[in-house]
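One chain, chain A, appears in both complexes that follow, with chain B as partner in the first and chain C in the second.
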Partner chain A sequence: MMRRAAHHYQIPRTTFLWLVAVLVFLMLPHAVRFSLVIVPLLVICIVWRWLIFKQKVGHPSFLLRAALVVFGFAAVYLLPFEWVSLETAVAILLVGTLLKLLEMRHMRDLLVMSKLCYFVIVAQLLFDQSMLSAVYMLIGIALATASLVSLNLRQKGLGVVYPAKLASKMMLLSVPIMALGFLLFPRLEPFWRVPLPEKKSTTGISDTMTPGSIGELIQSNALVFRATFKDKVTDTSEFYWRGPVLSYFDGQTWHGGDDVISSVLTGGKIDSPVNSLAYDVIMEASYTDWLFPLETYVSSHERLHFASDYSLKARSPINKKRRFSFVSNDQVLLDLSLPDKLKSHYLELPKRGNPKAREFAEQLRRASNDEASLISHANAFFQSEPFVYTLKPPVYSTDRVDRFLFDGQAGFCEHYASSYVFLMRAAGVPARIITGYQGGEVNPYEGYVAVRQKDAHAWVEVWLSGKGWIRIDPTSFVAPHRVRLGIMEGERYDQLQTGNWQPRERWFGQETLEAIAHRYDQLGYIWSNVVVGFDAKDQWALITGLLGLTTWLQKALWLIAAFVGCFLVIYFSLVGLPRRNPLPLHEKLYVKCIKKLQKQGVEKPVGVGPRDFLILATEKLPDKKEALDNFIQAYIRLTYQPENTHADSLQLMKQWLKRM
Partner chain B sequence: MISMKPKVPQPDSTSVLNDAVDQVSQVLLGKETSIKLAFCCLLAKGHLLIEDMPGMGKTTLAHALAQSLGIKFNRVQFTSDMLPADILGTNIFDQAKSTFRFHPGPIFTHLLLADEINRANPKTQSALLEAMAEKQVSIEGKTWQLMSPFFVIATQNPLSQIGTFPLPESQLDRFLMRLSLGYPSDLAERQLLQSLHTNQPDLAAVISDEQLLGYQSCLADVHASESLLDYVQALLANTRNHKDLAYGLSPRGAQALMMAARAWCFLAGRDYLIPEDIQAVAASVFVHRLSLAAESIEAAEQIVEQLLASTPV
Partner chain C sequence: MIKKVIHQQVDQWMDKRLASESDILLTQQRLFILPSMQGVFFLLIQILLLLIAINYQNNLVYALCFFLFSLFISAIFFTFFNLNGLRLVLEESSSPFAGQTAFVRFAIEKQPKAQHHHILCHFKGESQVVFDLLESNQHRIALPMTTDKRGWLSLPELTIKSTFPLGLVTCWSRLRFKQNLLIYPTPLDMDQRQLKTSGRDDEGEGQQMGDEHFKGFKAFEEGEALSRIYWKGVAKGQPMLSKEYSDGQSKEAWIDWDALPYEPFERRISQLTGLANYYHQSGQVYGCRLPGITLPPSNTDAHYHKILTALALL
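Right, the complex of A and B next:
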């Protein structure tokens, strides 16, 4: 017991406080992600550590610690993530970091702890690369640095806030280095593949459509992509961002027709006749490879998977923000002739089910002499019947099309699109469902169009011989405002129609808030464009532009120089620069004084001390006695009695030196 | 302006000491530096070796010092037939009480002037030097403390080396300083010739022995900065690397240098050392320690001068 007491290391109070602060701060976003593990562990570890710190309880024994590690791993295992995944790895890092709290016994442990914090901070980058996340990480770094500073402070009694002040100062001072590193540090492709965060497919449009999948999406305000156009855009109601094409129906769920749809890897496919629209799309990380070009996609600079149903996929899942350049043209006619195999695919329906709809389709077919009139009859049906557009439709369990068309008559785009395609196919017209996004919000400041999950939409394409695929949006027959106003305004309009509408006045400050939201979105756009999107290509362009490098030889030389420079920086930061002790300022001033007097004919012998030099100099330059006297006396005190010498002596020395 | 607040020396201590220096200067004309160095030696609790020809004022200096300090003073003329007991004292049988009674020798004093120390035989020399180092004597198993303060001013005659026993280097090291008075300046000599005094005037005691002890303890508070220590170390290194010296200054010699410099600095009324303090005392501290390494004392003096001139401040 005595021996233990002798080796006991008392954690400095300030360090303890900062460490707890930084840990709580760092766990916040992860606590949302792994709440089941992190929150209880965080509370337990901090409370326990606090008790140890207060010397209420002892350090946990080895067995106890081992048990906690096992418990921690078991808890991570129980999390709903794959065992080999990014989430699990991060969770293990967090659990380890928190458990290390209980193991802190020596200075070394505290250092390890502070440094672990930096790893935890960086782990945040794997999940979120937004500007807010960057701000959060910077604060985290400042806090972690503060704990490190407090640990290394030799001086006592500087207060709890001092380390944070010093840390912030250090951070501010390192901003230029950070900027330089950001701009110039070679951006190499990583040598390893980081497993990506698992995302539920509900966070984006996928290649199947089950009842309610789009309804779920519409509730989300998450950004899907931003599109920038050369010309200013005002009306987005005609923007149909085309995503997965669904052509196979099993009575419940719509799927893509993978077995009949071929896809090629290509940059451009279709000859565009007139007035093509070129635009850039910056996709947020969706963890799928689906792309959403405007109708109708014509070409891209990049090689992409272009399917024969005109849907577009990236070559790899979009795991981080990525920019694509597309050209679209809405005048293009698609598939003027359709092979029989495809035609039968687009006519395929389940053998059984929905008898009423089939019968109604038969009626429609009989009543119309060609496909065009059939379509207009069908459209008229949707327009005349009392269909209601609502995000909360009744549940249609069996024969969903029948129930929807003839009983409930309430639903949203998903219902309209799928029943429309059912009717068309039953009537013998090839048809398919297109999912994607419709509309988008124009940012008034930056001019880009932001498309969010709430803009998710499903519509229909029918094939008419000689005309090709034609887009029909049955939702617009029922709820034209949905298409015109977007989902939220549309819903309000809806309430107005059904009499549920409460007059909602524009409350005070709403406009300001909307402006702020637009500004924030604009900032995010700039961030993703300028910072996150700054890649090796941009860097190279910047460097060659800045240095005016034109020939390949220059570029190669620069590259070699940069690599050698980086190597030297790393080498010297590890080994340390050959250091020369710089002279203190008063010594420098003294040397200056000696040089000055030398010009005036007073030579200082090597072995002469400052006071003897004063005597020597005043003998030769009696008119400068005062300046010499004050200067050298100040120098003597600063050199040989620095403890009791006022710091402003240096300023006085400078003044006297001028008078010599 | 730069605040000058010497914290260690009491307001009057420096002036009191300087009064004493002045008073001794009245007696020993034109030798102010030597007198100051002698005072330094006393302040630094060191012993002083004065080496000069007869009639140069060695005894006068020692006497005047003792008088100004108001301390007890004994003088022993060393001869080749002296025995340790002649200095230290001896036990004498007291017939009345039928016991041995210790009869203290001349060493039981504050200031002992050991005249012509190199005439005594090594046995007597070493007895004295041991007492100097340990500030105590042991006679027949009994230890007697010497008085405090206790100084020895020893003189040596460089001429007429016949029948002398030169002090070995290890014993020379026990003296903090070695001084050589030298001839007086013309002006001082004229004053001396003009004066009618042949006997020494009686000097008033300016400092008490308690005061002296107090000043001695003050030396510890004199500040030596890093840059000064850099200079001292450079100087020491130069003595050790000098081509004309067989060996350099020992660490004890270095300590002696610092102590002497502190005392010099204290006399100047400062509480921090400057290189000039070191330079002022360097010669007297170095010479007897290096003289055996050099060919002669004169050569050693030249070397020290050269060292001081070549070591950058």
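Right, the complex of A and C next:
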């Protein structure tokens, strides 16, 4: 009965199993991120722990533990992260936590462990705020709480179900206060700078375009951003999400022209004429600062880097999901006049290479009177030649433009855009490549447009004096369906042209599956909007807008009331709601009868019993004597001699009541 | 100095609040709740999480932080209800001899549907008893308490506490009882040679050892029959005694205060207690003569306890 001294404490088995299960569960997502460190340590620790559990081995010696610490830190050092970074800090935390698993002997170790779990959870949430991650971690928290309950149970024989049940109940009751805190706690500015998650090696549009770079992106289904519009959007084929502008070509790779492009910090830049389109873009973490507004960006609430080539950058890399509000207008004309310096920049080509293309451009120029007809000649060339749109073009090694235009004639947007700009510049028309995204998928349930990496695209802008920059999408001449259907379907369309196309059957359940995918995406959107994106602005809108609280007194009273409400919820769920004794049915009927007679002008004086009330009522309503008589007699019998009363007298009472 | 005053104040306040009967219902009036050491750590962790949430502007970490806080609040309620509604009833406990550990018995009752886990209970400065109340509505515990002096011992402050289910808050109550427990004197083994037989017993001297009735003990002397030795006593480490038998006509045994004239007061009491134990165990009929009290010979349990009570309160 007596408590054993702490150093004799044997960790109860169920408790131990709980903690190990929790730890493994919480480590799994990290194991994906830091596999080099986590996987071997996790395996060693669990196997060792299991052997201790089975009493095959003792606790690891000091030497072994020291060796594991050295191994752990060496592995952290070998990770491809900066030494002072969030990743390294988290990796060290994880190593420490895992090694603690081997050291668990005393109650105190268990308690420390149960607290460490929460930091492991936080570490995961810093890297991944998606709904999936949050749900996973919620389960983790439930397990951690259950293990804490298990730790505090005296009767370890209660197994795993009881702690799990109790923990769930506690968690459920904790939701109101958590919600209150989440909604009302002021969102403060960061106190100091912290290392953010480092750039992941995921792909995305950048300010260089090497052969194949967009082709790689197109294979990825990763979400880039979602855009929400005030009005319902059905057709996204005219949506060109404008990203980096590439204007410098070295014969192989296209770069941004940083040295000539000036940039200003701006909120609103261009005077917007009629029919501007306001919309929000919720960027996923891209770890770059590029933004992708629709053509043509006009203004934003925020101060952003707005370049003279009309590309837009955030002021800091987008390391986590962020919302931007843009206004765009497709009627705006860009750069009606172009300074000579810029003009020459947009005409610049490598000194040598691609002689055929240069010659062809010269032909085009001679054949046209002005730039407009030159452009239409060029467009006609792309439309008439047997160009093929494919994601798996042959490799064009040297003189890439020549090879593509006159030999291979197979490629995708980057080939078309790059060769088109080459031709234009060679013919003396300022031109540049625009990279970004085109189209996007409308979510049928939520109405937003989801743009994914597979929507990556490259197109062209040419400059015509008096008209400014004009967008031309050479890919659309060759594969209009690419623009209309999106890239994957577009490629299938090419198979149709080459004769390989088979009509795709809609397999069983496909529609359901697509609907589920859309629903899932919608949930993710709501999640990122409502939960992850909840900020001081939303908070203000909630308090002053939705609840209509303006004065401090109102707010304080509401806060107090809300907290008291939360406490009452917990209290009554533990104590049970106070129950009133329900009235028996015949009493209820009697009360009804009194109310009914009251409406007919018969008032029942206080303290008058049923017998006297009957006399009183029959005097006033002699025509209802029979009903009253039978009803009240039945009532009296039911009240005073319930054992001698016929079973159906309640039914009869109801009938008599109706006749009154 | 100030500390002392505060302690006094707190003590007075507690006395008022905790003054108890033998039957105590634990309610919010008697129960106190404060964060445990674990709970303080838990709150510190939340502050740390809040800093992380603010610096990383991470809503999910905010949520986790508030969730843990909320869990803490829930734990307050759960821990409170783990003790609330328990009824402690002080039961009759047998008196121990001074120096032995007394076990003070309580019956702890719960409401029919309630469940109470992992409750710790102890007297101030004593080791604790841990128990659950899950199925049966009543549980009996015996709390250990060290004793040192004979006489009335007021029960020390009793602490009943629990940190279930999360260990984050401690809910406790301190109970003070008006009841006292009578502690019997420490028994000392009698050295029969010191037992000066008083005049009343003189005739017995020199009488032949009869075989019929057991009369009492005397110190073993060389040459006596080995079968007369009280071996049980030897096994217990007592000095060698040999049994004396009377042939039916000898007088009853007496626990006589005057039989030990040269012993110090407490020692005399202890020795007489030992003698009473001995007589009681051997089932003999014995009487008692103490200053102010004389009890006629008997061999019932009640008689035995009466004598011990008298000795304890002498």
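Everything below uses one rule, namely that the second predicted complex is superposed on the first by the 528 of 660 C-alpha atoms of A that agree within 3 Å, B and C clash if a C-alpha of one lies under 4 Å from a C-alpha of the other, contacts with A are read in each partner's own complex, and residues count from 1 in each chain.
We take it that contacts are C-beta pairs under 8 Å (C-beta built on N, C-alpha and C of every residue); 3 or more make two chains touch, one makes a residue touch a chain.
From a predicted model like this one, the values you see are computed outputs, not experimental measurements.
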Which superposed partner A:531 touches (first chain B, second chain C, both, neither): second
Partner chain(s) touched by A:185 [first = chain B, second = chain C, both, neither]: second
Which of chain B and chain C A:612 touches, first, second, both or neither: first
Touching partner for A:233 - first (chain B), second (chain C), both, neither: neither
Chain B versus chain C as contact partner of A:630, first or second or both or neither: first
A:89 touches, of chain B and chain C: first, second, both or neither? neither
Greater residue coverage of chain A in the superposed arrangement, chain B or chain C: C
Shared chain A surface residues [contacts with chain B and with chain C]: none
In the complex with chain C, residue positions of chain A that touch it: 1-3, 111, 115, 118-119, 121-122, 125-126, 129, 134, 137, 141, 145, 148-149, 151-155, 166, 170-171, 173-178, 180-182, 185, 187-194, 196, 320, 531-534, 566-567, 570-571, 574-575
Partner chain A, residues of chain B touching it in the complex: 1-3, 5, 7, 223, 225, 227-228, 271-276, 279, 307-313
Residue ranges of chain C touching chain A (in the complex, touch as defined): 38, 41-42, 45, 49, 51-52, 54-71, 73-75, 77-78, 81, 117-118, 120, 127-132, 134, 163-167
Sites on chain A touched by chain B in the complex: 605-612, 630, 633-634, 636-637, 639-646, 649, 652
